[in-house]
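Each of the next two complexes has subunit A plus one other chain: subunit B in the first, subunit C in the second.
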Partner chain A sequence: MLRKKGLKTHDKHIKKLAAIVGPKEILFHKEELISYESDGFTIHSHMPKAVVFPTNTEEVAEVVKYCSDNDLPFLARGAGTGLSGGAIPLNGEVIISLVKMKRLLSVDLENRRAVVEPGYVNLKLTNSISDKGYYYAPDPSSQYCCTIGGNVAENAGGAHCLKYGVTTNHILGLEVVTPTGKIMEIGHDGIPDAPGYDLLGILTGSEGTLGIVTKITVRILKNPEEKQTVLAYFDDVADGSQAVSDIVSAGIVPAALEMMDKIAIEGVESAAFPVGHPKDIEALLLIEVDGISAGINEQINEILDVCKKRNVRSVKVAQDDEERAKWWANRKTGFGAMGTISPDYLVQDGVIPRSTLPEVLKRIGEISKESGLRIANIFHAGDGNLHPLILFDSRIPGQTDKALEAGSACLQACADAGGSITGEHGVGIEKREEMRFVFSDKEIEAQTDIREVFNPHYLLNAGKLFPSPGRCAEVKKELKAAE
Partner chain B sequence: MSMKEKDVVQEPPCTSESLSNYLWKDKPDEDKWADCVHCGMCLEACPTYELTGQEQHSPRGRVHLIKSVADGKLEVNEQFMDPVFACLDCKACTTACPADVDVGGLIEEARGQIRQAMPLTGWRGAVSKFFLHRLFPHPGRLQSAGNLLKLYQKSGIQTAVRKTGLLKMMPEHLATMETVMLEVKQSVRKKYHKEEVVKAKGETKNEVAFLTGCVMDVMFSDINDSTVNVLTRNGNDVAIPKKQTCCGALHVHAGDRDMGRKLAKQNIEAFEDADTVVANAAGCGCMLTEYPELFREEEIEWRERAEKFADKVVDVSKYLHDSGYEKPKAEINTKLTYHDACHLAHGQGVRQEPRDILLDIPGVEMVQMPNADRCCGSAGIYNITNPEMADGVLESKMENVPEEVEMISMGNPGCMLQMAMGVEKYGRNEKVVHTIQLLDWAYQKEDKQRGQT
Partner chain C sequence: MIISDLISDLTSMLPDSHVEEKSSPNQFFGNDGDIIISPKTENDIAAVLHYANENNKKMNIAGNGTKRGFGGTENKADILLSLSDYKGIIEHTVGDMTITVKPGTPFQELQDYLSTHNQKISLDPSHPEEATIGGVIAANDSGPKRLGYGSARDHVIGLRMAYPNGEIIRSGGKVVKNVAGYDMNKLFVGSMGTLGVVTEIVLKLRPLPKYESLMLLTFEKESKEEIRSFAVQFLDSMMEPVSMELLNPELAEKLTGQKVLTLAIAFEDVESSVHYQEEFVKNMKSGASQMTILAQQEAKEFWKRFNYLFPNGQREQNGLAAEAVVKVGVKNLDVIQILKESDWLEDAHNVSVHAHGGLGHGLCQVHLQGAQDDIIKAIDSLRKTVKQLNGYAVIKHLPLALRQVIDVWGGKPSYFFLLEGIKTKIDPKKTLNPKRYVGGL
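Take a look at the complex of A and B:
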């Protein structure tokens, strides 16, 4: 199991890093490192130099300082479930894995906040406060295993972000190790509207390029008094999309409004958590409303009316928590379920104005035909956050490229419709080039200038988030190697 | 798009045949890892990932390693062996996986490659060979070993050993194991050796064949006795085929797939006439259902028979639940909790049936155990081969055993031994019981009360 025979290495950096974190808390053999060559985005892979497992902030700071002083590229990693490649060691980085910093440090119900370490798993927070009637709202589909530190880095979203907002709306304070190894506190534990620059806002969603978060103060919410969930089946995607628009136009703000198309349904139904959705429908909507009990039934009735007006084939309300949980498990494991119908998938993350849903979905259908690759759609329809899943087989020569092209074309379609290239998965490696669809050179430069203030030596997570890595020699070398 | 093309680190397209470093027969199945999209949903389900936080000790990490050998990026060597053999085989990842990736099957196939590439030598090889080849498959020898153990327990040597402090010289986990060793009684196969079939009490409704297990029948003969009692009481004729042998689970877990196949064939033949094969050890039952996997690449002419056989296998709790059983009338007033054996819950999907049986016993109050389907660390002989990791897993299991219970019920002998060790080690005093034992006790009490009135 764990290494028994001490450190066998002549690498001075490995020895030094081992001295900081302890000899059992570092990996450097090829067989140990290969599992770290990619995260949830597997199209790229690169071997790290080492993986270290610090157990406290001071160790993180020491590791960072050592890397910074010795010109070693480094990056932070949580559970490695990211879908844009943010934790892939493109430049042979030292990976600072934060999974051993996984404590819930405090819960302050009176002020509705909790303090966690970055390796704490998202769903565990809700599980540990639910008996007191509270929960943590951001719920990415990977919440069973992803870490809150990673959620901060990616500004993760989730099904219920339609009503409650994404991660950034729930972060009250951060402890951060800067890329040169200094420890810094930002945010004043939830005192609203602090003077000065909004550093919390800048750090959240910076994809691990500005600093490493070591402690997080999050907002927790009181459980809604009541919850109702509706499942609606449509024979026409356009009808389903139109129903989405109608629901929101009617003034209802559902907690979640999710859509799956035919191929996605084929995937989830042949996977581990089937619900029994009919296989011949073109689209389904999963709609949840929550809040105080008064008025919920009226909202549900209105939703049912809208669906009927839009030619729904059948629609039902979850009878109990068990049925609701079943529907959500089916939806939330949707990406992984693609494994049953395709050896590989590439998921995109475009955002569009809700009203353009029918036309963009049509365009995605065309892209599928042009590329010859099947594209499934599982997404947060309510906030126009699309997730086209491009199915391919990397073992067939040329298919990976085709998938990437199709993915890019989907993002172009989103940008053309007045939207954006990412809603919650981040840019990472995957969408660097597509940043040009939504930002001019000047706008990109303004952002890389900010990065330079925090990350002057550009050793932390280089080559991510923006196109044209420019000054980073390491990344240039990397590109050359790939040619 | 030129930038993008440059960007992509392209691994050369390869088929596993051309570059694979799996050079031995019975290779890991490419179709199994093709389903894994690296989503990470398995991470939190994995006890060894929970303990180490390291990807190579997680299900998807292991799948990636196994795939990397097929891609020619890694070789079958010591460093590869480490994570592959540190897997508990608990199959919790298979339950968690959205794509139903058979991680357990891949691990066992990879172990087969490792054992062919690096056969165990020296004392490890000798010990492994002694247990796996010379002892477990031979009921007679096991019985003799059991008799020796009995002698050890009855003759006063055990008392002497415990007094002399000899135990202190043993590795800690073996010493703890010694203290919880069960009293060896008469095996069921010996008890019923004159009968082909143990007849149902009263009218015969069904006929079943019973897999007695190898170690189970010597070390846990009480449970086998209870199983026969419970089955016959509920109208089942119970056949105990004499030719049956060890299920082979320990062999397959250890990478000895040839021996696994040999035992499988013997069992398939032994149970050929039966329509239903009842097992009371989750680990054995699960192995029987997986026989077809053993004949995927090798001796494929056996595959169909293995499939037919696998379809007949059922755990005793599920069998009773589905075929119907008499609810006991006597009360057993106790507070208990139920532990899901991995190879029942994750391996055979049996979760509710044993709980229902326990709740049908008057007087039984059940307290839910958090993470009841988390591995206890027994995992066959894992607690002997990987004591450090097994201890960590056991510790987190014991933390979840509710304070207020008097008994912990479960459906697997390996778990029973491990949980008994946990009870001993952490100064608890719960009694560890098999679900069917409890049902049998209730029946016995009922009979006794009836006799008295």
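Take a look at the complex of A and C:
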């Protein structure tokens, strides 16, 4: 990241920004900026004006204030693993990278909270408190590298969110630099229910469009006393989905309840962490139950019964931590594994009411046929969060567009089933137009109204999250603004 | 416009809804209206809002009015919109564990219905028979099982809101995980009817626990240090209590007949797990002088009584006596200090104090009874302590006359301009629940 060239420039903005963060903490030469053109949504890219690396909140506020006063578009960036293009500098933004604000500021076990800087990597938090028996619950598959600031922005989820909730359920306080450069503390000392509208709630998941998070107070949890993990193979996807419903109906709240279909299994088995899943099965379920040791066996037995009733081919319980870890590594690297069976893949992220799983899977199968592209399915079945992975080859002219179309069709199928277009990856650039599948123009306007309160000059991360103006609501608004 | 004109306007506009003049608006708690409208359809709700907004009428919103003593410095507005006739279950998808309801449905009615499917809303608000689900959501309530259950904001997955201009805005949806757009549900939950009227609520459900129990540990008065070290040790264990509520002696007396500092620890799980956890507590050095276990029905009855301990906006006092309920938020273990402070208030200000607070989340409720002057002084002292602990104190229940002399919200936060900006965007004419919220919003 260190700049190889000197700070020779005639650009007064660059000079000023360099003066704020220090001459070593800014990149602005074209070749240095290339890796900041895009994020995990690689289909799209755009050059930023510069990248700055502030090391404390005051510097962030100063950079923001400078940008705001000088009409320079800007945005925040964590690890750049976002899958919907939230950190792509569409308007040639000044990128404020938070990766140098990566300290764990404090851990208070008695009050079960920790305070971190936004660039702190998710998994590091759990690693640094696990010796005392504690962990941080939200566990996106990218947790070994994504930042907690990015998690807050995306309201990230993970496999274990079924029982423990997503990021928003674990955020107790935030320090935020507003888009005009004011430093705000919300949720003082992490005390819940601060009087007033729930700004923590609205900021979490706002995809970096309402403010830049510079400090985060999170809830930490005690490890469960015991954990058991079950792996079940099905010859029929419908049986697998029915088993998911049956487990939940039996009054069990598993910590995680994941499903993979045949193509996904082909992928993970040819990648770095194969488990030896049979290649001819149609679906597998990975089910984890945790809690008080005395109650676990009862639940495991019930799960085994359910699977048998639903014609499971075979089902087993992990014998030790090592086996469990193997199964999870296989699952958590599932997206990347698609790279071994296809030159390119597009990850989608729809959500459906659990009971509609069989019909939506059928529809996704049809979309695959119609587009001629293979679609693998990896999903958080317990909460109905599907990740159709559309396999394509960008070298073949037209395939990228076809993949995007197929992705959009999958989201339409989710919306038609009463679901949503994204469960954890966010709207970003990717799903802006699909917002119309679930919201009316007025409902979108109700949201952009809130954006205007926080982000009045619209210099922070513009062009994300909402469909581009062109339809009545936003056009009306633009006219109003022009008056 | 005179009241009779307003009534005839609205009656002709809303043939299906009940419109009536209020002969004597509630002087004691305020937040009332010259006329009361009880709509039966969403269309009517939207029409009333649109009408009030266009004609510069002010409007208060009530579920069943149990929180009438919460916030607000005005005796009445032009219109009181009551949701108590707008009730019922719209859709319950058993397999998806979600339910869609109308806001006027009493909380307990929902729980009773859901229990026939072995499901529940994971919340335990007080006055559940009177409180409407809309009111619970609008006030972001939580009860003594907050530690295990979370609060209203954790369970709402979708809303329909009637905005002040009469437009219906949907937020969230019917799925349990959803990040499409801003999380507008969060903005509306807890907004106390100042941004719009909740007309439909989608909640996620949990299975009914297979077994539950409650352990009551009593401590002699001086042993607060002992409680602290027990709490630290217990919270550091892998046990999973849904509640760890500390009750001051006066409150404990009402519930158990014993006037002694009491810690209520609740477990909900399969039976074997609950007993295992009880044993774990028994084997710890708690310093408790007594330990009682209430199982199943007995535990349920205890919580039922607990949920009716505190006054609500349907009960008035006579003369100069007053009651206040203060919600205090501090860090988990500082709850012990707040309860200590409550004892002290009793002596210093000649008020009677019933208080409880949750170890594990840090929220306390302090109920004060006494002469009006003493109540005000006691609240001031309590606020001083809370401030030292970096916490906040919001007065959730107080007669109107006192609300006009004391800021029940405890001042404006530094980010007030954002709260004000949100209110102004959505309700520019300040039609809804005027002056009821933080900073007079």
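Note that the second predicted complex is superposed on the first by the 463 of 483 C-alpha atoms of A that agree within 3 Å, B and C clash if a C-alpha of one lies under 4 Å from a C-alpha of the other, contacts with A are read in each partner's own complex, and residues count from 1 in each chain.
Note that in this section a contact is a pair of C-beta atoms (placed from the backbone, for glycine too) under 8 Å apart; a residue touches a chain by one contact, two chains touch by 3 or more.
All of these numbers come straight from a predicted model, not from anything done at the bench.
Asks: Between subunit B (first) and subunit C (second), which, if any, makes contact with A:K100: first, second, both or neither?
Replies: first
Asks: Please determine whether it is subunit B or subunit C that touches the greater number of subunit A residues.
Replies: Tallying touched residues of subunit A, the top partner is C.
Asks: Contact-wise, after the overlay, does A:E424 reach subunit B, subunit C, both or neither (first, second, both, neither)?
Replies: second
Asks: Per the contact definition in the header, classify A:K222: touching subunit B only (first), subunit C only (second), both, or neither.
Replies: In the superposition, A:K222 touches subunit C alone.
Asks: Contacts for A:A255 in the overlay, against subunit B (first) and subunit C (second): which applies, first, second, both or neither?
Replies: A:A255: touches no partner chain.
Asks: Between subunit B (first) and subunit C (second), which does A:I265 come into contact with in this model arrangement: first, second, both, or neither?
Replies: A:I265 sits against neither subunit B nor subunit C.
Asks: Of the two partner chains, subunit B (first) and subunit C (second), which one does A:T81 touch, if any: first, second, both, or neither?
Replies: first
Asks: Common interface residues of subunit A with subunit B and subunit C?
Replies: none
Asks: Per the contact definition, I'd like the list of subunit A residues that touch subunit B in the complex.
Replies: Answer in residue numbers: 1-2, 27, 29-32, 34-36, 38-40, 42-46, 51, 53, 79-81, 97, 99-100, 102, 119, 121, 142, 144-146, 271-273, 333-340, 343-345, 395-397, 400-401, 404-405, 408, 429, 432-433, 467, 479, 481-483.
Asks: Which residues of subunit B touch subunit A once you look at their complex with the stated criterion?
Replies: Checking each residue of subunit B against subunit A gives 1, 3-11, 13-15, 34-44, 48, 52-58, 60-61, 64-65, 68, 73-74, 77, 79-80, 82-83, 86, 95-101, 386, 388-389.
Asks: So in the complex, the part of subunit C that touches subunit A is made up of which residues?
Replies: Residue list for subunit C touching subunit A: 93-98, 118, 140, 142, 150-151, 153-154, 163, 167, 169-171, 173-187, 189-191, 195, 206-208, 210, 232, 235-240, 269-270, 272-273, 275-277, 327, 329-333, 360-363, 390-392, 394, 409-410, 413-416, 418-419, 421-422, 425-426, 437-439.
Asks: Which positions of subunit A touch subunit C when the two form their complex?
Replies: 109-112, 133, 154-155, 157, 161, 165-166, 168-169, 178, 184-186, 188-202, 204-206, 210, 222-225, 245, 248-249, 251-253, 291-295, 298-299, 351-355, 380, 383-385, 418-427, 431, 435, 438-440, 442-444, 446-447, 449-454, 465-466
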